[in-house]
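You will see chain A twice below: alongside chain B first, and alongside chain C after that.
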Partner chain A sequence: MKKHYQKAWLFVLPVLLLVAFNALIPMMTVVNYSVQETFGNNLFFWEGLGWFEKLLHSERFHAALGRQFLFTAIILAIEIPLGIIIALSMPRSGFWVPVCLVTMALPMLIPWNVVGAMWNIFTLPDIGLLGYLMNHTLGINYDMTQNTFAAWATIITMDVWHWTSLVVLLSYAGLVSIPDAYYQAAKIDGASNWAVFRYIQLPKMKQVLTIAILLRFMDSFNIYTEIFVLTGGGPGNATTLLSIDLVKIALGQFDLGPAAAMSLIYFAITLFVSWLFYTLMTKDDTN
Partner chain B sequence: MRKRTLIPLIYILFLLLPIYWLVAMSFKTTGEILSGFSLFPQTWTFDNYRVIFTDPTWYWGYINSVIYVSLNTVISLIVALPAAYAFSRYRFLGDKQLFFWLLTNRMAPAAVFALPFFQLYSAVGLFDTHIAVALAHCLFNIPLAVWILEGFMGGVPKELDETAYVDGYSFPRFFTTIFLPSIKAGVGVAAFFCFMFSWVELLLAKTLTAVYAKPIAATMTKTASSAGYELGLLAAAGTLTIIPGAIVIYFVRNHIAKGFALGRV
Partner chain C sequence: MAKITLSKLRHSYYPNPKAPEDYALKEIDLDWDDGGAYALLGPSGCGKSTLLNIISGLLDPSEGQILFDGKDVTALPPDQRNIAQVFQFPVIYDTMTVFNNLAFPLRNRGIDEVSVKQRVEEIAHMLELDDMLQLRAAGLSPDNKQKISMGRGLVRKDVNVVMFDEPLTVIDPHLKWKLRSKLKELHHRVRATMIYVTHDQTEALTFADQVVVMNDGEIVQIGTPVELFERPAHTFVGHFIGSPGMNVLSCDVNQGAALFHGNPIKLEGAIEGDKGGITEIGIRPEYVSLGDQGLKAKIRKVSDVGRHNVVDAMVGETLVKAVVNGPVPAQGEAVHLSFEPAKTRLYRDGWIATQAQGTQP
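On to the complex of A and B.
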């Protein structure tokens, strides 16, 4: 049992002040913009909920939101199972463990725009390794500036390359925390590999997998830099996900009102889905 | 058994291929890159690296990035340590709500905050300074640091605190001489994550700087768009951005799995 101690507030005060400065003031700015119209020169007019209404009926927003959900769904469907499989087949001890872990973590430490630039160089049709192999060795026409499917395949492969390791490392951390006695008991009972996975490994990984799914959801839902550098949202609008569309509206067209309304809806969706995931995955614990 | 070790091997190969290509590209001349495909650099050149190490706009990009990333790591840890201690040891009014609210900031899309951040930091006169980027990155790094540290602190038995108080330790002395050493790994991991997320973030860093504090990543985007297509130079700059990450990861290599699980296994 934790002690009740109201003075503990003093301990969290610095954190509260710093995060509030960064979160509340910009958030109020966004709320402020979202209900006003401006024609420049710092002149603002009351717009009420007009922007929200227009946005919710805007086809452009629906399309971007649809692409965003599709992207995130594909990412989760590939990275979570793949990460678990890789973690299961990794050695549990020995010299190779730190080598594996460090190499796997490397992609996550590369600045996001460099990730985009790296994949751009890697996939250039005549110069890049992948682009050359596809076009000249395998004879598959591959050019993501022209072909929507190629562009999607590339951004998904890039994200799998970038972030699957997060799932691997989390699952691995869960796996190594399982005592050997569990496996011995399973062996005595003659449990199959699947049974060991289903009734020993998966339950032990549940907590870390919850973290993995949440983090992968949030970050893939908010993805901007990598895709912006790699495809710029193209060809056409094919890979214009929510963040990219938002930056286009806010900083490209400088439509502050619509951009602010979109920001708030965007944030609300992220919060809601995260909350949904969290409640669903921790439901059994409370019962 | 052999089939099992094949999977991580293939995965690691897949991870290394694009990195290899970037590094190989950085040693090629522009002429060789544009003339066609070659698996290895035919004529090795260090010109791309020479440009970066002699041109101040390039190497200052690295120095700027390192300055604000270090500042951010220090600030985040200093404020997150007492907060994480409070969350792990005490119950107080609104503690759960506060903890959750902190985490929601980790979910905020950076694109949402880009413009308001620009206005906020311009208004307080910090635009284009290292401290502005360092403070802005606190938005997502402080919640993360609190989360990780709270996880590691939860693993330290409360009896440690009580014994220390009985022995007559004051709180500051207990915290710095007994408690901190016992969560050394957690502090290292938290520092690693702050470094990592501040190092890889570009959108906010780019929005909040113009000349004096411009990060290396922003210098790279300028090159890609303005100076034609200097792929070799771009590749060399990219290669150099991988090195700091590789260095810091070496220090936490033994705690990395537990660290990614935020201390919660």
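On to the complex of A and C.
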């Protein structure tokens, strides 16, 4: 019986090869680097788990990791509720539906580096629309190249602008799949708007929200391009998130070993948090 | 509990209806007696659900009024009308337990927990949901879910009316039976007015004391299941109820006699009303018999449906169905058909136009 289906492996082979070339082999190279030290000229010296040990005790790494978690936590705390609120207030039928959907999708269609550049110009104190408005019209001192708070406010606003749409679209998809009978029954049962949200809309959106949170977690945890273009990690190291720091070590200082070790830890954290989150969110359904 | 009166009710889904075709419901005047078990029967799209949603307040009628015990409730929202509605697909609150589901309408109305508990347990017992009260409602089977939606309606005391909108659509056939008799039993116990919407005649006829037949936004007949079967007021009722439906045969009327393919046909009584219009003879297949005398016909097809045979006979180009118990003729055979006069009626423009037996002209 079992023998018949062995052929299936053959069909999986192309994908396996593809994955090998774009994921497994590069990743193994990283593993290889992480246990060695190089001084160039393709000379490598065995280092063992030394880099991992040093990294886990390094203040620089702790700071970057802390900033990374802070950033992700803030954008999730803003984007998820905001996305749900926008989705709830979008029309369910009629002429405005496609208009809203397209408008929502627009920010997501813009490439990361363009988003970074756009916001960079937008916030320039002298000529940027927002920068000029804040500094010269409203009289608020706003310069993200000088001020840590301004820099954080800007990267968060930028991410919210860029990615809330994703949460909106997913939530909206969840909402429109709720049959009218639920709302009608709730009306007859005398349910308040809050009760309708809490007991009908939220449970029906749970699946898509799980995906939305997961995607936003992974994306924001790995964010690089926009922040690199916008603040370059500054002022000082104020917005040096994990990925920015990683690139600085790997390409700026060309410390391949520590950078490789850091990538692996980084990868493990992302994987672990995603797994943990997904397990927790779907636990109810399997019971 | 209340008597429900619909007065000059009309509804259109268009903003500015003009022609009669624009109306999903064409002028309806109807009384639902307190405590009655009604079925609202009709084909899909005939306006049954529209009517139901107007009674429950989910839809505002374009014209007319809804009265509960003589009190105008047309402007009241659904939660203030004290009604219950069970939908085609079971509506349950997924995240809640069965208990919380049943308690939901009570808690929304600010009723104290002691009464809630007592009332929920009472209803759960009636619906045989006692051992499931602490389970998550989401994991239950469709029939139990549908029981919960029913329970949420019944849990409130003094419900004016419980409405069912094709509630058995998603239920497995063998459970349909159980749930239907449960409904009937519930009606006997709670004595609330119940309106059961369906397009399935078996469901309607088994559930209801009175069946309201709708077609094309109009009520065509109200009566007991027997009345609807025995003396349909409209060819639509005759055709829609019964399996196979009533034979509707176009005929001529000449000097007070109905002529079908030139043959005079005896009717239950004298023909009423004006001349003209489209005239048809209505006779149920159950009352058509094959014999040595009568209309000449040729057998086209015989279908064995289990309890009896349905014979398709051709009188000229017209198909007449007959239900035959016992031996059946072969295909192609020439036979004679006779109609039982007491069950043979004339319809003019669809509506019955013969005097019932026993009435004097």
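A few remarks follow.
Criterion: the second predicted complex is superposed on the first by the 275 of 287 C-alpha atoms of A that agree within 3 Å, B and C clash if a C-alpha of one lies under 4 Å from a C-alpha of the other, contacts with A are read in each partner's own complex, and residues count from 1 in each chain.
Throughout what follows, contacts are C-beta pairs under 8 Å (C-beta built on N, C-alpha and C of every residue); 3 or more make two chains touch, one makes a residue touch a chain.
Since we're looking at a predicted model, the values are computed, not measured.
After superposition onto chain A, the partners chain B and chain C occupy separate space and fit alongside each other. The superposition of the two structures on chain A yields an angle of 80 degrees at the Cα centre of chain A, opening toward chain B and chain C, reported in steps of 10. When both complexes are overlaid on chain A, the residue A:Ser263 reaches chain B alone and has no touch with chain C.
By the document's definition of touching, of the two partners only chain B reaches A:Met104; chain C does not.
With both structures placed on the common chain, the touch criterion links A:Arg92 to neither chain B nor chain C. After overlaying the two complexes on the shared chain, residue contacts for A:Thr29 are found with chain B alone; chain C is out of touch. Touch criterion met: A:His136 reaches chain B, while chain C stays clear of it.
Once the two complexes are overlaid on the shared chain, A:His62 sits clear of chain B and of chain C alike.
Contacts of A:Pro203 after superposition: chain C is touched, whereas chain B is not reached.
A simple residue count on chain A separates chain B from chain C, and the partner touching more is B.
Using the contact criterion defined above for the overlaid structures, shared-chain residue A:Ala191 touches chain C, although it does not reach chain B. No C-alpha atom of chain B lies closer than 16 Å to any C-alpha atom of chain C in the overlay. Against chain A, in their complex, chain C makes its touches with residues 53, 56, 58, 77-79, 83-85, 87-89, 91, 93-96, 104-105, 108-109, 149, 152-153. Those residues of chain A that touch chain C in the shared complex are 179, 181-182, 184-185, 187-192, 195, 199-200, 203-204.
Within the complex, the chain A residues that touch chain B are 2-9, 11-12, 14-16, 18-19, 21-23, 25-27, 29-30, 85-86, 89-91, 98, 100-114, 117-119, 121-122, 126-130, 132, 136, 161, 164-166, 168-170, 172-174, 176-177, 207-208, 211, 218, 221-222, 224-225, 229, 242-244, 246-247, 250-251, 256, 259, 263, 266-267, 270-271, 274.
In the complex of the two chains, the chain B residues touching chain A come out as 4-8, 11-12, 14-19, 21-22, 25, 33-34, 36-37, 39, 75, 78-80, 82-83, 85-87, 89-93, 95, 98, 102, 104-117, 119-120, 135-136, 138-139, 142-143, 146, 196, 199-203, 216-217, 220-221, 224, 231, 234-235, 238, 241-242, 244-246, 248-250, 253-254, 256-258, 260-262, 264-265.
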